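Heads up, the thing below is written out as structure tokens.
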Amino acid sequence: MSTATQTVMPEKHYLNEFFGIRSWLLTKDHKRIAILYLLTISFFFFLGGLFASLIRLELLTPAGDLFQSDTYNKLFTMHGVNMIFFFLIPSVPAVLGNFLVPIMVGARDLAFPKINLLSWYIFIAGAAFALTALLYGGVDTGWTFYTPLSSGYLRTPVIVMGVGILIAGFASIFTGLNFIVTVHRMRAPGMTWGRLPLFVWANYAASLIMVLGTPVLAITLILLVLERGFHIGIFDPKLGGDPVLFQHMFWFYSHPAVYIMILPGMGVISEIITCFSRKRVFGYTFIAFSSIAIAVFGFVVWAHHMFVAGISTYSAMVFSLLSYAVAIPSAVKVFNWIATMYKGSVSYDTPMLYAFGFIGLFTIGGLTGLFLAALGLDVHIHDTYFVIAHFHYVMVGGMVMAYLGGLHFWWPKITGRIYPEFWAKLAALITFIGFNLTFFPQFILGYLGMPRRYHSYPEEFQVLNVLSSAGASILAVGFILPLIYLLWSLRYGEIAGPNPWSAKGLEWTTSSPPPTHNFDVIPVVTEGPYNYGDDEEAAGVH
Amino acid sequence: MSTNQTTAPATGHHPAWAHQFENMQQQKEASSFGMWVFLLTEIMMFGGLFTAYMIYRIKFYDAFVAGSSSINVQWGFGNTLVLIGSSFTMAMAVWAAHKGKRMQQVVYLVLTMVLGTAFLGVKAVEYKAKYDECHIPGQVIGKGFNATGGPGCSGEGANIAEELEHPKTLAGKEVAGKPRAAAEQIARQSELFFVFYFAMTGLHATHMIIGLGVLAWILRRAWKSEFGPAYYTPVENFGLYWHFVDIVWIYLFPLLYLINRIPHH
Amino acid sequence: MQPKLPLFPEQASTIAGQVDSLYIFLVLITAFFSLLIGALILFFAVKYKRKPGRPAEQIHGSTLLEIVWTSIPLGISMVIFVWAAAIFYHMQRPPANAMEIYGVGKQWMWKFEHQGGQREINSLHVPTGRPVKVTLISQDVIHDFFVPAFRVKQDVLPNRYTYTWFEATKPGTYHLFCSQYCGTKHSAMIGDVVVMTPEDYEAWLASGKAEGSLASSGEKLFQQLGCATCHRGDSGARGPNLPGLYGRSVRLTDDRTVVADDNYIRESILLPNAKIVSGFQPIMPTFQGVVKEDDLVQLIAYIKSLPPEDAGPLNNRTSPGMIRDSEVTNIQKQMRQENQDKAASKPSGKQP
């Protein structure tokens, strides 16, 4: 707890212990690698955001008058590819996970620090290919790369982009592998599975998916690249290939991928809710196992993206049924988080505001998933703006808010500084409003029948599109503000001290920022996580 | 380090000790576990490819049978023996490292490299044969795919359509084959078989090449006596990888070379 | 542009109302739970706002509550699933008496062909009160046939027929969208579905300049391409007997049984050796490159139109397998000669 006297930065910590570019580029410290990832994915987030802004600008008017069709097609493809593969998938695991998982389990580093660094370099290599593809004009296949369009009908640098995503996938695999081994083998004495913070459980479950699912994407992209490069028809009917097989292989990874994206975010929310309610998480075991359930069920629902793609009626029914099964564990989490607030001691710090936003928006996003899993209804709303609204609600309203919440929650730990609270709260509010204004009209647009990936549209859709674009401009402000004040705080922010939130968790027992080796002495864990009760009741007050 | 590593140091201060671990035991367990997880990802990758292969095999039965018949089962079998042999020598290398026997480690590791290289050599011969027969899929390499014996496509098995029209038994007696139109259709479709043949064996060969590179590095460390009872984890984990690559081949060989070689009727 | 903000497209088919009902049910559930959760968050945040002197109560959990809030969503989900699956099942089963229309999608336009031979580009005229089955195929990449007012959607695949059906209820002009991204002019691949009363529809059919029905064009092709050489009804016929073939189960040489649907017939013309009817030899030449998608549609329409009363066994020979091996060479020689003659007299066209 910070005392009345002046808080100072620790003398030696992971940021200042070693200097020079080599100490960063050849680091084995998981915390520095997390920072390297933070810088890289932030770049891609704003690049993807730029593409989104251009899309929304074009969609202000029904005619395709701002960009040529081919350019517009590249914009939405590059927006999707950037955001999914180069921002969302690494976001919480590679930044917050890398930084916190070793500390949270009570270890000095991940199991394989050199592989951790290697994963960042692999990510950079993949990003380099992607940027090269961008410099050569960008790809216009849609982020889903459906064949035979992507393999035989487009003249854009599909191979370069495919290779880039393929390589970046290996970064994901190595991160996941590292987390799994760390959680199994590097826990401090006394840190049983039942005492792990839920953030660790969430990253562990996501790592299982990363490790099992990403290789299938790798082989799918390899086959696509071969097809395009050698003019053969693995997925192209010209040689008897089956384009629907591509869809099966692609979605076998890409559906579990969405759970790679959301599970770590849910882990962040668990940590935030408990701290700012001063209360242990309600239903710890259920939340922990629901993460594993989502990971497992997530692997058997992929064809719900393909109900009208030409699969049989019966197989569609099976996938629809299973898709409802995968929704239930997420609902269980939402209820448990709210129950955590019940009879808690709630404060409204910025991370908590992002958590509130997450719970509300993820609920809407998740429930609209039920619409899409409903066979008879999906026929109408598949490939329309309804789908776009659904996944942005869970990915942006959910995941990005969780990421921002986590970034704010652990910013003091990572940097030793506190961000300006007023601007942070304002940004959270602006983001919430801008987000809803952008994406809620899209549900209506979708049901009215406006298809996805449309450059121009019938006039009657204009009003809703204008609302959505207006919202996007507000949302952009909400995202740019944190960039400004977080950077500002690095120099001028209040010094944080080891535990500005008085939170429980091993990471808060270290200095802010932590020393390179995390712990002078490996802790021995004697109690469960979130033990807010004891000193609360004793002290009577925060 | 060239100090004798046959006995374990009393404390955890082994030169190969990585300090994120509390002790060598934890390091060994974590490293092994990590290798198993990595092999799991490899199973998923090859698994995706194998699944696609099986789906197409069922869909284009005749074409894939024709393709299987056109690759040399003797070379494939020979390669299988070579690779199993190399797994044996690798297992012996792990044993020798565990026992701290330097010379034996080196010998077995060298033998493994030789056998692995021999495998790749045979694959190169097979690939060249396919190149000569114009069986490389696509229109980019060589003369482009041609399963009906075009100009410049030499080799016994080049004309798959011909083989289907006039098949011979093992004894050399000609039996009734398929009509020309059917034979040509099947021969054209066999391009898809070759796509998978090259993709699967190519992916496997890539893993072997990378494996040989890592093996060279382990060989160097073994020569410098870095491995002994206290620490032989890299040899053991590499052994796991090598056995995995061997097992993939043991699936590949029957799936590509052996099943349904004899056409249906 | 309508003055008020529309929330639903027009309901112009028999299924639209059912889909909308399910949608409204889901909207209500979503609204209920979202508002409930939003309200709880606000309520708890305010009621349990941090106050000095009131610490949080450390509640572990409640298995009962977990069971309750797992079963209720599960129950609701199952209701939704069954309801939606029932609608879907209905959508996947065109009635037997449905009027057939063929649709070909290509970058970036739609071509529709009515049974009577009438062709349309980027528009589709249909009558009210009659089920219409649209059989779809693509000439290049995957497209998607989407009519929001009917609530129907179906991916249009290359090399494989897919189909959808609807029964229009309300005259008017409605959007047709391609809703599977297909390249540069994906958003321009739109059309109009014009729903007319049956009388108006008949008038429209009559007014068009048709070159004859699909089936009669198909019959001409059947003769032109020499199909009748082998596909005769007599005992020496080298190819299966075609009247009554459509829709019946066929036994193949490898003992599989398949249903002779549109895809089967199409495959048999393009890749004749993929499935051989039991009792026949694989001697049929391929017509890939000789017939276009439009031709295939016509041929299939013709085969479908052959009166089933003429149906006999597929194989008219007194016993199957009566073609001896030695005969095969002769037949092959004969067919080669016929093909050469044909090639000499008529240049073969390439598929566009």
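A, B and C label the chains in the order they appear, each numbered from 1.
Basically, a contact is a pair of C-beta atoms (placed from the backbone, for glycine too) under 8 Å apart; a residue touches a chain by one contact, two chains touch by 3 or more.
Bear in mind that the values here come from a model prediction, so they are computed numbers and not experimental data.
A.B. asks: Going by CA means, which chain is nearest the middle of everything shown?
C.D. replies: A
A.B. asks: Where's the contact count highest, between which chains?
C.D. replies: A-C
A.B. asks: Taking each chain's centre as the mean of its C-alpha atoms, give the chain farthest from chain C.
C.D. replies: Following the centroid criterion, the farthest chain would be B.
A.B. asks: So the centre of each chain is just the mean of its C-alpha atoms; given that, what is the distance between chain B and chain C in Å?
C.D. replies: The mean C-alpha positions of chain B and chain C differ by 43 Å.
A.B. asks: Quick one: chain A and chain C, Cα centre-to-centre, how many Å?
C.D. replies: Centre-to-centre distance between chain A and chain C: 37 Å.
A.B. asks: Hey, what residues on chain A touch two or more of the other chains?
C.D. replies: 240
A.B. asks: Counting only residues that touch at least two other chains, what does the list for chain C look like?
C.D. replies: 271
A.B. asks: Show which residues of chain B lie in contact with chain C when the two form their complex.
C.D. replies: Per the stated touch rule, the residues are 61-62, 176, 178-182, 185-186, 264-265.
A.B. asks: So in the complex, which bits of chain A are touching chain C?
C.D. replies: The touching residues are 64, 69-70, 73, 140, 142, 146, 148-149, 153-154, 237, 240, 243-244, 277-280, 282-286, 307-310, 313, 316-317, 320-321, 324-325, 327-328, 331-332, 334-336, 338-339, 341-348, 356, 359-360, 363-364, 367-368, 370-371, 373-380, 382-384, 444, 447-449, 451-460, 462-464, 532-533, 536-537, 540-542.
A.B. asks: Applying the document's contact rule, which stretches of chain A touch chain B when the two form their complex?
C.D. replies: It is residues 102, 107-113, 173, 177-178, 180-182, 184-186, 211-216, 218-220, 222-223, 226, 229-234, 239-242, 245, 249, 252, 522 of chain A that touch chain B.
A.B. asks: Which bits of chain C are touching chain A when the two form their complex?
C.D. replies: For this pair, the touching residues of chain C are 1-2, 5-9, 15, 18-19, 22-23, 26, 29-30, 33-34, 37-38, 40-41, 44-45, 48-62, 65-66, 69-70, 73-74, 77-78, 80-81, 83-92, 107, 140-142, 144, 146, 148-149, 151-155, 157-160, 162, 175, 177-188, 190, 271.
A.B. asks: Of all residues in chain B, which touch chain A in the complex?
C.D. replies: Residues 18-22, 26, 29-30, 33-34, 37-38, 40-42, 44-49, 52, 55-56, 59-60, 137-141, 145, 189, 191-192, 195, 199, 203.
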